[in-house]
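The structure that follows is given in the form of structure tokens.
Read from first to last, the chains carry the letters A, B, C and D; within each, the first residue is number 1.
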Amino acid sequence: MTDRIVNDFSITVGTVNGSGSSTANNTILRAIFKMGIPVSGKNLFPSNIQGLPTWYTIRVNKDGFTARRDEREIVIAINPASFEKDVASLVPGGVLFYEDSIKAPITREDITVYPMPIKQIVRSDPNVPSNLRDLVGNMVYVGILAQMIGMDLETIRAALTFHFKGKAKPVELNFNAASAGAEWAKANLEKKDPYYLKAMSATNGMIMADGNTAAALGAIYGGVQYVGWYPITPATSLAETLNEYLPKLRKDENGKATYAIIQTEDELAAIGSCVGAGWAGLRAMTSTSGPGLSLMTEFAGMAYFAEVPLVVWDIVRMGPSTGLPTRTSQGDLSFVANMGHGDTDALMLLPGSVNECFQFGWQAFDIAERLQAPVFVMSDLDFGMNQWMTTPFEYPDRPMDRGKVLWEQDLEKSDGKWGRYLDVDGDGIPYRTLPGNRHPASSYFTRGTGHDEYAKYSEEPQVWIRMMARLKKKYETAKQYLPKPVIDGSGSKVGIIAFGSTEPAVREARALLAEKGIQTDFLRLRAIPFAPEVTDFISAHETVYVVEMNRDAQLHQMLTLKHVPQASKLTAIAFNDGLPPTAQWIFNDILAKEEK
Amino acid sequence: MAQPLPVAGANVQVNLTGLSRNDYRGAPSTLCQGCGHNSIASQIIAACYDMNIVPENVVKFSGIGCSSKSPTYFLGRSFGFNSLHGRMPSIATGALFADRTVKGISVSGDGDSANIGIGQFKHMMRRNANMLYIIENNGVYGLTKGQFSATADIGLTLKKQGTNEYTPIDICEEALIANASFVARSFAGNPKQVKELLKAALSHKGIAVIDIISPCVTFNNQDDHLHSYAWGKDHEQPLQEISYVPPREEIMLQADMQDGDIVEVALHDGSLIRLKAIDPGYDATSKLAALTMLEKAREENLLVTGLIYIDEKKPDMIAMHDLSDRPLNRMTESDLRPARETIAKINDLMF
Amino acid sequence: MTDRIVNDFSITVGTVNGSGSSTANNTILRAIFKMGIPVSGKNLFPSNIQGLPTWYTIRVNKDGFTARRDEREIVIAINPASFEKDVASLVPGGVLFYEDSIKAPITREDITVYPMPIKQIVRSDPNVPSNLRDLVGNMVYVGILAQMIGMDLETIRAALTFHFKGKAKPVELNFNAASAGAEWAKANLEKKDPYYLKAMSATNGMIMADGNTAAALGAIYGGVQYVGWYPITPATSLAETLNEYLPKLRKDENGKATYAIIQTEDELAAIGSCVGAGWAGLRAMTSTSGPGLSLMTEFAGMAYFAEVPLVVWDIVRMGPSTGLPTRTSQGDLSFVANMGHGDTDALMLLPGSVNECFQFGWQAFDIAERLQAPVFVMSDLDFGMNQWMTTPFEYPDRPMDRGKVLWEQDLEKSDGKWGRYLDVDGDGIPYRTLPGNRHPASSYFTRGTGHDEYAKYSEEPQVWIRMMARLKKKYETAKQYLPKPVIDGSGSKVGIIAFGSTEPAVREARALLAEKGIQTDFLRLRAIPFAPEVTDFISAHETVYVVEMNRDAQLHQMLTLKHVPQASKLTAIAFNDGLPPTAQWIFNDILAKEEK
Amino acid sequence: MAQPLPVAGANVQVNLTGLSRNDYRGAPSTLCQGCGHNSIASQIIAACYDMNIVPENVVKFSGIGCSSKSPTYFLGRSFGFNSLHGRMPSIATGALFADRTVKGISVSGDGDSANIGIGQFKHMMRRNANMLYIIENNGVYGLTKGQFSATADIGLTLKKQGTNEYTPIDICEEALIANASFVARSFAGNPKQVKELLKAALSHKGIAVIDIISPCVTFNNQDDHLHSYAWGKDHEQPLQEISYVPPREEIMLQADMQDGDIVEVALHDGSLIRLKAIDPGYDATSKLAALTMLEKAREENLLVTGLIYIDEKKPDMIAMHDLSDRPLNRMTESDLRPARETIAKINDLMF
């Protein structure tokens, strides 16, 4: 037998959706996390509710590289429909756990095979009601796996207790099933494979959360007051989390709501109501994905032009069109950058971790109100719907920035003299008043049509030019309010620019490249328009690889346009098949280009 | 709360809030002369003046169209939002959460609300926001020069468009079956009724829809078709004589109300709508009666006007959301950002 | 008195909209055209129906330069509200005709002034019914102008006969008013200005038409079968012209329609119904402008991805948002190029004359069906709603291309074997069948979600990659089916690239530059993606100015991205205040840059 | 015209077109077990088989949702278009002009047609396209995991959503007042009625709306709320016993139809709907009666099912557009490009 392989492998569970296996799979993930071992879990699920093949991939890595890998060392095969494919997907020397009622032949000789009599084991527990047997059965494979790779049963209990919010009954039921599995394995299986878990302390002080939860919580700490939304995968859970936590965190002195959430009739109304709320002075947000975003186009253009603050979370899924609703992508950048007819500009925030989903959750409102503009936060399905390790969420480190708002007393001071679209401060950002202001000079008339500095309708050519030039200026000003890129480097010749959920894969790819002698610096972009630091980074490197998950190298295009004289340095590493990227893919592609 | 502007000169007549009629006007109209929309704007001005409404307590909304321009022409001291074609209801929905003491007055067109905007219209009814929703209904798209709207008469022939083959949408029926809490119909050629209905609607808490037939003199004013002044004059049949009795006013029957079948509807603010039934026995609190009446009016080719339906008990949007008594848009960080100590608890809730 | 200035000046009529002056103004335009003198007319109108200031500008130019000019030699001032501004706008030495009931003082000494007692003259004709006096009054100024600058009264009659479709009564009424004006002027005004018209034969064989009419007629000759539309300025008249001409030109043997036109409830339904019709094998089109286009985003993405042919005419007006509904722009390029979430590509046709509006009217269908994709034809308000001189419309010079469609007999031959998204020919374009095909193997299931070569739903990563790569290939193939650029040049160092309605201004600016010794070559772009000729043109020049009507130099950006190594050659000449560009502006800008 | 596939083996039962029931099936369902939508798909298969419909003569349309997936699961030999959320009606509108001999069968959900799609739904009614329009109504968004739709019961409490405060939209009322020409309601738990109504609807020329209560067993199947199997079973009250009599079949009363109040409605293709009134005197040709019945049913908390309204005389979309008798999508250049000589005339029409 080969040497032990400890805390460095991937586990894939092949099952069907709607079968309750997500509890089991999350339990494995959490149990490993509780053992202090860096871990990640990715759910690869179909766009339906019940009965189709689903895979859950867990990566355990002692060095903290938790990007998805294509290689599967351990496969737990529960689904007869995908069995053949699942078996074939194992690396040589890999391990197959399988539900022993699957009768398909296993022809591979290079793997270790453990059959699991799950149904039998469940039936042997008289405490499991017959209608729950299938559900609870999933915990049996958790127990068997635990026994075979050395997962701590107590961490399983902790995971279950969390999952069932402490409710003793389901915890016991499920824990017993896991224990039964473990006992059975102990008695019946002989360890023949090299894969082991061993407790560490690498996750101490960390938490696990998904990006949508983090975003929703961040928004609550950002003082969100209005949510207009429409369900769509993978954005739904963001609004549903607001629904869950807002009532707990945000009541006034009389126990009444300081916010309103409306599930509108569609996405046009979702963003429309945010435009209304943002205009009227509420911190307004919506969350959506591709098709919904496309429907928001007309209002996005209006919010840009009438200068209304609001926040749009785009949890990107694979487009174009309905595309792959349950697959991840970074393919909406170009669209958002040009969202709406006529000349526009867009402010985009690009969170690069679940913790940043929380941070940008509150910061997005400050930015939107400061700049009186829609802010698009570009998350994705991988962030939004998967559990990630993260440092704990931190309380906002600065007071809210409500931007330039004039109330009654301000107008009294200025004798009621003000102009809604007047560039008083020379930064392109005008002042605004809010409905409900009772000063008789407070009101103005808002429109998406041409208007002058005093919000009066105007078709004057010069007025139009002035307003559009001021908007351009405002988007220049924006750069100082946007999160700066995060740069990790020490003067290498090769630079990498990436953003969002590719971060772990890029980090790991850099390590792989370093092993080959290729040192790289890394700029993680956090906002568009680009900060000056981005230009400096490009200037400071001989080659800059731009890594992203889309077909057309959208960020690469945007960087090229802004850095024409240096454009030849910029090399696109763009690929998108719906799966989170692997470090290997990035590594291979850069290596090939470096060796050319 | 209000800060009324000083009244210029002593001989200007003012209302109880100290405002002159002028304070309720807007910019000069840029609509066509004779357009029904202008006459409605005048009645909005008159109704608000009569009701002593403080302009700063109102927010105006509209979509896109000639009708949707008209908020520019009244209540120049109120905030206004001329939004997108067919999307006014969504804008209003969000905005009306900002300050619950502010009343919404919105103007839309038949194209704006029955064609492109019928979806937002229907769902706005369900939310029962505290807003007067006027549809200035002329059966055509005025601003784009005279195409059929969804309320156009079947068989109507227009210059470039040919003959309309589609059965029209009845805005009042649409509002009713979507469970709107106040539904009325009127006619720009009957300004007195328009005004009284506006007052009643402005006192209603919740969505108040008034479908006002408002002829487009430029593109659709054919004597033999609904949406013309002539047809309206010939075929109007008011359901009731309506008078609005403000809160705290002595409740006394006016002379012309002495005989006949008088019904009074109490509104949430203490005001009353007094209805002298012309169609005796018509029950404006019954949805079924309303639907029946509208269907019969259609069959008999009548323009029945008046208060069609009212439900004072339906909770409005603010109530449904159990909203704070304080205006949301005046809340500050201390109201809106959970206390520092909560963050640890939140982290504990994660795994 | 200075020398005569013949056939080289601009006339501006300042009036109010809805006053019936458009008949009068068009009459002037047409009368001059009938005199054989090159002429153009631009209507500058507000976004309402009646009563606001409107200007109609006519440019007369013997050399055929008919772009708008800022300079006004002759002003006819009818509107008291704009009187002061109108008087001020005259060039020194210019001529003011004005309605003499306007009592404002005229302080300028450097102009010739002719008061016109229009009301009086009209009243003196007992045949004019009192309710028509205002309308007919407009013709009086036409007559006075005619008399003073030498416009032929018979050409006025010809213009009126055309306008009133030969109806004798209105023709007489209006002609008499013009005659009365002319007679009055002859008797009462003394010519003191230098501006004269003189008959030429430069417009022989040409016609006058607006771009929307041309587009509609072109579409009819292209066999349009389905029109789903929603009114919006400035696109409305396109659909209304289809409404007018289709019944005349397209009945079947029984007098029944071979087409359907639906004014839908909104633009989502307009394009949606075109997607349905195009999918089912009809030549389908819609016409819209900015706000409507934004609403079409979700369907545009679907048509791209599900590969449905349809034609969208975008009659561009000034955006963003509702913007300036009655002002012109070329500001939708970037939006259309990125229309829809996810990775997309767009086929755009860029007509550069009214005649090309007709040509692209029919060609767009061939291209859409050949490529199974939406085709966007980017016209604008200046084309769409103004009258332009043009060579006559020509009958299509090639048979219809219906693209790759399989009917029953085709499937019989192939034994029913085919795949909807199979790249049989290696050009990225698959074959399709149409509903109504009765072969039992003909049907397939269309969706905006991921699908394989046989149109089966698929979430397979490799399938997705394959499909998206094939789409990319298809858009490469597209180049050979798109109209090539038109190049005018002879090896100058300086090149100009422009498209659409800026053509006359560019042409004139080139002449002005040539006078300054700067020779230029001109590439008029007619389609996106770019043909190889565009690249060749850039390669062949030292400097290339990219002229366009928008703030952000959108075409310049697109050219830059495709020509990074040569990007430093590309210089943006971008400006958009809502008015059609003048040659002077282009000339000044290029000259300044050349002299730097 | 049809090219039926050869039937495998002699013992397979076939209908008059020579097709077996299998020829009407689609791909295996990927919906949840027990989902109402599956049972409706089975009845579509059964009805089409019984009616000897040639699958190639049908085009399927849907929006997005669990319900909208179901066209994959029936009539695998028909063309289909799974379109965008809420936008099926527009797709169908365009497509149904292509070949007038093709019948549309569309499936939508309550979210798809009453929330995002209510606008397209309403305007589809007005166009009266020749299409069966099924709404598989479960009061929730199934595919996005159980949010309230616009048809959700007021007071319904769902896991993550809390309690629904909005009054529901009644799809049949919506169809009726938009002047749909065929409106019915049924219940997935009453497959026999579903099937007969489907047959009647498939024979109707024009838009035929069937609102079918189709429980979502995963997210909304609470016994005490509409949209559950249990509630439906307890509260269903059929208006009639319905049987569909194909054209040319001998018209004979079946035994169980012998007594009672029998009404027959003739459809354009010669078939009949035979209604044995359970609610005697109910007149399915009266819009007012239909509205009254629906309002009363709502008040009395009943699930009234059956044929609610039918108007066989309303011209359908093809007729309204005076369309050629030949399929438009088979026309060629000679039909579609005006003759060469016309171009000169056109140029003459310009100035």
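Structure notes:
To be clear about the criterion, contacts are C-beta pairs under 8 Å (C-beta built on N, C-alpha and C of every residue); 3 or more make two chains touch, one makes a residue touch a chain.
Remember, it's a predicted structure, so these values are computed and weren't measured experimentally.
Centroid distances built from C-alpha atoms place A farthest away from chain B. When the C-beta pairs in contact are tallied for C-D and for B-C, the bigger tally goes to C-D.
Separating the centre of chain A from that of chain C, both taken as means of CA atoms, is a distance of 44 Å. The distance from the centre of chain B to the centre of chain D, each centre being the mean of the chain's C-alpha atoms, comes to 36 Å. Chain geometry summary: the mean Cα position of chain B and that of chain C are 40 Å apart.
Under the contact definition stated at the top, the residues of chain A that touch 2 or more other chains are 46-47, 265-266, 291, 298, 302, 321-322, 447-449. Shown for chain B are the residues that touch two or more other chains, namely 84, 115-116, 118-119, 122-123, 127, 150. Of all the residues in chain D, the ones that touch chain A in their complex are 30-33, 64, 66, 69, 84-86, 115-116, 118, 141-145, 147-148, 150, 160-162, 218.
Taken together, the chain C residues at the contact with chain B in this complex read 18, 46-52, 230-233, 236, 240, 243-244, 263, 265-267, 291, 321-322. Chain D meets chain B in the complex at residues 115-119, 122-123, 126-127, 150, 165-167, 169-170, 173-174, 177-179, 287-288, 291-292, 295-296, 315, 320. Remark: chain C residues 46-47, 289-291, 293-295, 297-298, 301-302, 304-306, 316, 318-327, 329, 331-332, 334-335, 337-344, 447-450, 459, 461-462, 464-465, 468-469, 472, 550-552, 554, 557, 560-561, 564-565, 567-568, 576-579 touch chain A in the complex.
Residue ranges of chain D in contact with chain C, taken from their complex: 1-5, 54-57, 59, 71-72, 76-84, 87, 89-99, 101-102, 119-120, 122-123, 127, 321-333, 335-338, 340, 342-343, 346-347, 350-351.
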